[in-house]
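Next come two complexes, and both contain chain A; in the first it sits with chain B, in the second with chain C.
Up next is the complex of A and B:
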């Protein structure tokens, strides 16, 4: 068949949130052919956000994180086996166990994995953890429940903060080592980051800013005992969580003709994967954390969003486009939205704060846990972060989408008398957003914006 | 579906971008939903099927309709293949 015909066989590689929601959406779109889901984990699709929170605290076990099936999908499930290769010409996915699965349309939704600690610096020691999967969470929960004398968290991004927060709830001593000047600063900037510093300190976390871990050291039995830090100090700890970001699961695509690298799989605004010459494939689509695409709100770059909301929305758009002729394709252009819960504070974010040059507190106060910070770029409102203010963001959403002036005139009853915009405090000032149409080219590594915007 | 099967398993998920922490679900099904801190909602994705009615009430009561209910598995048997 060619790309304009109705597909008879659709294969989805990746059986997590994006893969499951895409499969359901394909059936909603009227696809009646053979549907195959391939997942490298042995588990039915589950939700990752609780792994770093309610699971670690012991309130939920990981079998209580399974996602609901919202419709029958009559799929063939190939779980516990990973995809290892792709033949674009023959339209076949190769699996680790030697099987080959043929497709008319392919959806790549293989997501990301946690960046591991280097083996030669102690990464293989017993007690060194990452947190991405159900099995990771089970291992880390077991380690925390054993009551270690101190937990070391490497990285004060969203995951690092959530885990440190749970550790304090459990009464465990925690040291957090963070390269930057403030927690969350790469995603939310230095101003909100300084507020987050207060949350860490108030919770009794030993927070080491502007510091890195040189090496992890173990005892004769290969168990973690201590970390050597860049400032020359030593932290004794039996458990370490490496929360140093995520890497796209694209290794299985290397050398098979798609524009895929460690930053993700490039696709166009309709979720069609780009071949390595930059042209979109009519039969291969991408969705979720692994996808990088040109978002019309953020021209001149390819975005990759590690967001729950984006995985669901992009899966639906991809499913629609996989079953329709090109003239009926939709563009994927969501307003980014994500959230995190840490130190008892609910954080909700809209837009991409990391692109801002200025920030202003529009409601509440940074000294309290309850505030809203609005982010501007070149005099336009581009993002908002709400701390313990979950009901206020709807109003900001329409202003952000409209490109309203910054600082925004809100006249909120809990706003300051006068808006005082500050430098947003990003370590690397964002590159100017060019005023030109987006070209579907593949930016060289390092990616201009693999947006460090958190995971939920 | 076999006739001797226990009450059908249910699963749920809350869209926590949409959730505005009104807490109606916590009142309707306090063993399934809870607040941790003032505005932080936590919930059980796989509650006891015996309290399905409470969970359905919680979903219906959500002012922003952030709760999605579904099944644990589809009725059609999964054809998970161990080998070809």
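Up next is the complex of A and C:
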């Protein structure tokens, strides 16, 4: 069939948040044909944000994390089997078990996986964990519940901070080793990062900044015993969490004609996947953590977001466009938004702070755990982060979208008498941003700047 | 010149919407106002009637909840309704910590109260019920009294005070000299009443919200006596004068849509979206006030720093740019993010309680009233324009059956 015709078979590869919400949205859009969801995990779609919080703390077991269903989707579920290949011409997805599934429209929503610890440096030891899936969370929860003498967390990003925070709540000793000068600094900059340093230290975390792990060492039975750090010290620990970022699940697409690489699958603003010659495919779409696309607010690069809200919104846009002719397609250009909870602080973020050159506290104060920090780039407001003020932050959305002047004149009643912008304190200066949106060069080189994965 | 004409028109439309003759249906005027979502009145107050514009201002850090004119009498201490961060946040936290645990798991108790109120009118013969006086008013009053620790038998005292005070929320130009004098008297009476109550509880603490605030719990320090009185007054009036309209307006919507009444009998789950649609279509709180701390641009119109702003929630709820078929009552409408409870940091603290009360009350009416009919269409309305609702809502019925679940 032709791409402009009504699809009869839609296949969604990836049965997590984006895949499920896309399937529901397809039915909402009136798609009545055959719908197939393919997922490599055996579980029905579940929610990931609770894994690093409520599940680890023991408040929630993973069988209670299943995603609520918005509507009946009458789909064929192929769970516990991964996609291994794609035939764009024949319009078929190949599965690990040898089956082939034909489609008229394909949605790629395979997400990301946790970056593992190198095997030769102790990655295979018992007690070394990552945290991305339900099964990961069950294993880590079991390990924490056993009461280890010390937990080592490698990386003080969002996941690392959440896990370290839960460990302290559980009364466990924690050492966090972080390459940068401050926790969260690659995503939120040095100013907020220094405030976060205080949260870690106040919670009693042994925080080692500017430090890396050289190797993990085990005993004769292959159980983790210690970590050798770059400063020459040794940390004794039976449990380690490797929180070193995420990698796109694109290996199954290699060599099949799409612009996919370790950074994700490139697509256009309407979620259409790009072929490796840079032209959009009319029959293949991308949504969620695996997608990279041009966003008018962030010209000159392809954006990839590990954000819960983005997965839902992009899934809906993709579903709409999959069932409509091109003239009826919608663009996906949400304001990035994510949140995290750690050390008793609710963090919420709008926009992309990592592109900023300056930051200013507009409400509250950094010392009080309760503040809003606004981020500017070349005199324009581009992002805002709120600590323990989630409702307040909504008010910044329209200012960011409008590119309001920075520092913003708010006169907020809980703001400082005078706004004092500081250097945002990102380790790498932002790449120059052109004045006008540019079409990214295709095939995508490694991203101009890797946009730091936010969190949920 | 065009601008002047528009200003006149907007002020006129707003004045029309406030006129008592139009109390039963101010919506045609709101609809006309909504065509110019952000517009100044001649007196310098800005009228905001667009959904997106209201929504933005409710969340904008450049906006203060203090809406008084500088020449107006300043209170000793602001309640959290008109207070800004950071003091607002402290007060709100103290109230939330006390309020939220007390309203959790209240549904069965509310169900019991509703059953009791309707049992008093059970009849196998045709009869009449005043839904306001017999159900919509006594239910929230009983609940807020229980929660706060205010003696229910004092209702004649504080009920009368509350009625006079809420009229005082309306635009001052719509009030008579007598009403303004009554307002001052009512304020004095309320201070006296609450101070007496606080002194009683100081001497004999109980397990209620008043005691909780007074002595402090968890991370919160005890509330000082003035904040305590101001907060108590706010909760008592909010508990008195808002939910009553939600239940009455919901009943009115059901009586005007017999198909929905029949559906609600058959599908009790319909009540959840139905109450949300009441909050959109006929909200108990019709408008809210703010002032600007900086120049604010809204889609090309700039509200200057230092302006008073009226957010016409009831108009925004029927903004055709946000809601399709805005003047139709459609409980099934998707994405009904109405402005009925406001938004941002001042979002209604009692929203969950009000929703539960309305859901339980409307379900019970649908279940127990046989062939209900509106006696007067429209029913007589109260004077109040902001906390707007029927004064009485007489409903005639063929039977008011006993609760079928208790048989």
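One rule holds for everything that comes next: the second predicted complex is superposed on the first by the 446 of 456 C-alpha atoms of A that agree within 3 Å, B and C clash if a C-alpha of one lies under 4 Å from a C-alpha of the other, contacts with A are read in each partner's own complex, and residues count from 1 in each chain.
In this section, contacts are C-beta pairs under 8 Å (C-beta built on N, C-alpha and C of every residue); 3 or more make two chains touch, one makes a residue touch a chain.
In this text, all values refer to a predicted model and were calculated from it rather than measured experimentally.
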Touching partner for A:411 - first (chain B), second (chain C), both, neither: second
Touching partner for A:363 - first (chain B), second (chain C), both, neither: second
Chain touching more of chain A, residue-wise (chain B, chain C): B
Contacts of A:65 with chain B and chain C, given as first, second, both or neither: first
Which of chain B and chain C A:391 touches, first, second, both or neither: both
Contacts of A:228 with chain B and chain C, given as first, second, both or neither: neither
Partner chain in contact with A:215 - chain B first, chain C second, else both or neither: neither
Partner chain in contact with A:344 - chain B first, chain C second, else both or neither: first
Shared chain A surface residues [contacts with chain B and with chain C]: 391
Residues of chain A that touch chain C when the two form their complex: 362-364, 370, 372, 391-392, 394-398, 402, 409-415
Touch list for chain A against partner chain B, complex: 44, 46-47, 49-50, 53-54, 59-60, 63-79, 97, 99, 308-309, 337-339, 341, 344-346, 348, 388-391, 456
In the complex, chain B residues that touch chain A: 10-13, 15-17, 19-22, 34, 36-40, 42, 44-46, 68-76, 78-81, 83-84
Residue numbers on chain C that touch chain A, as the complex places them: 56, 59-64, 84-86, 89, 293-295, 297, 305, 344-345, 347
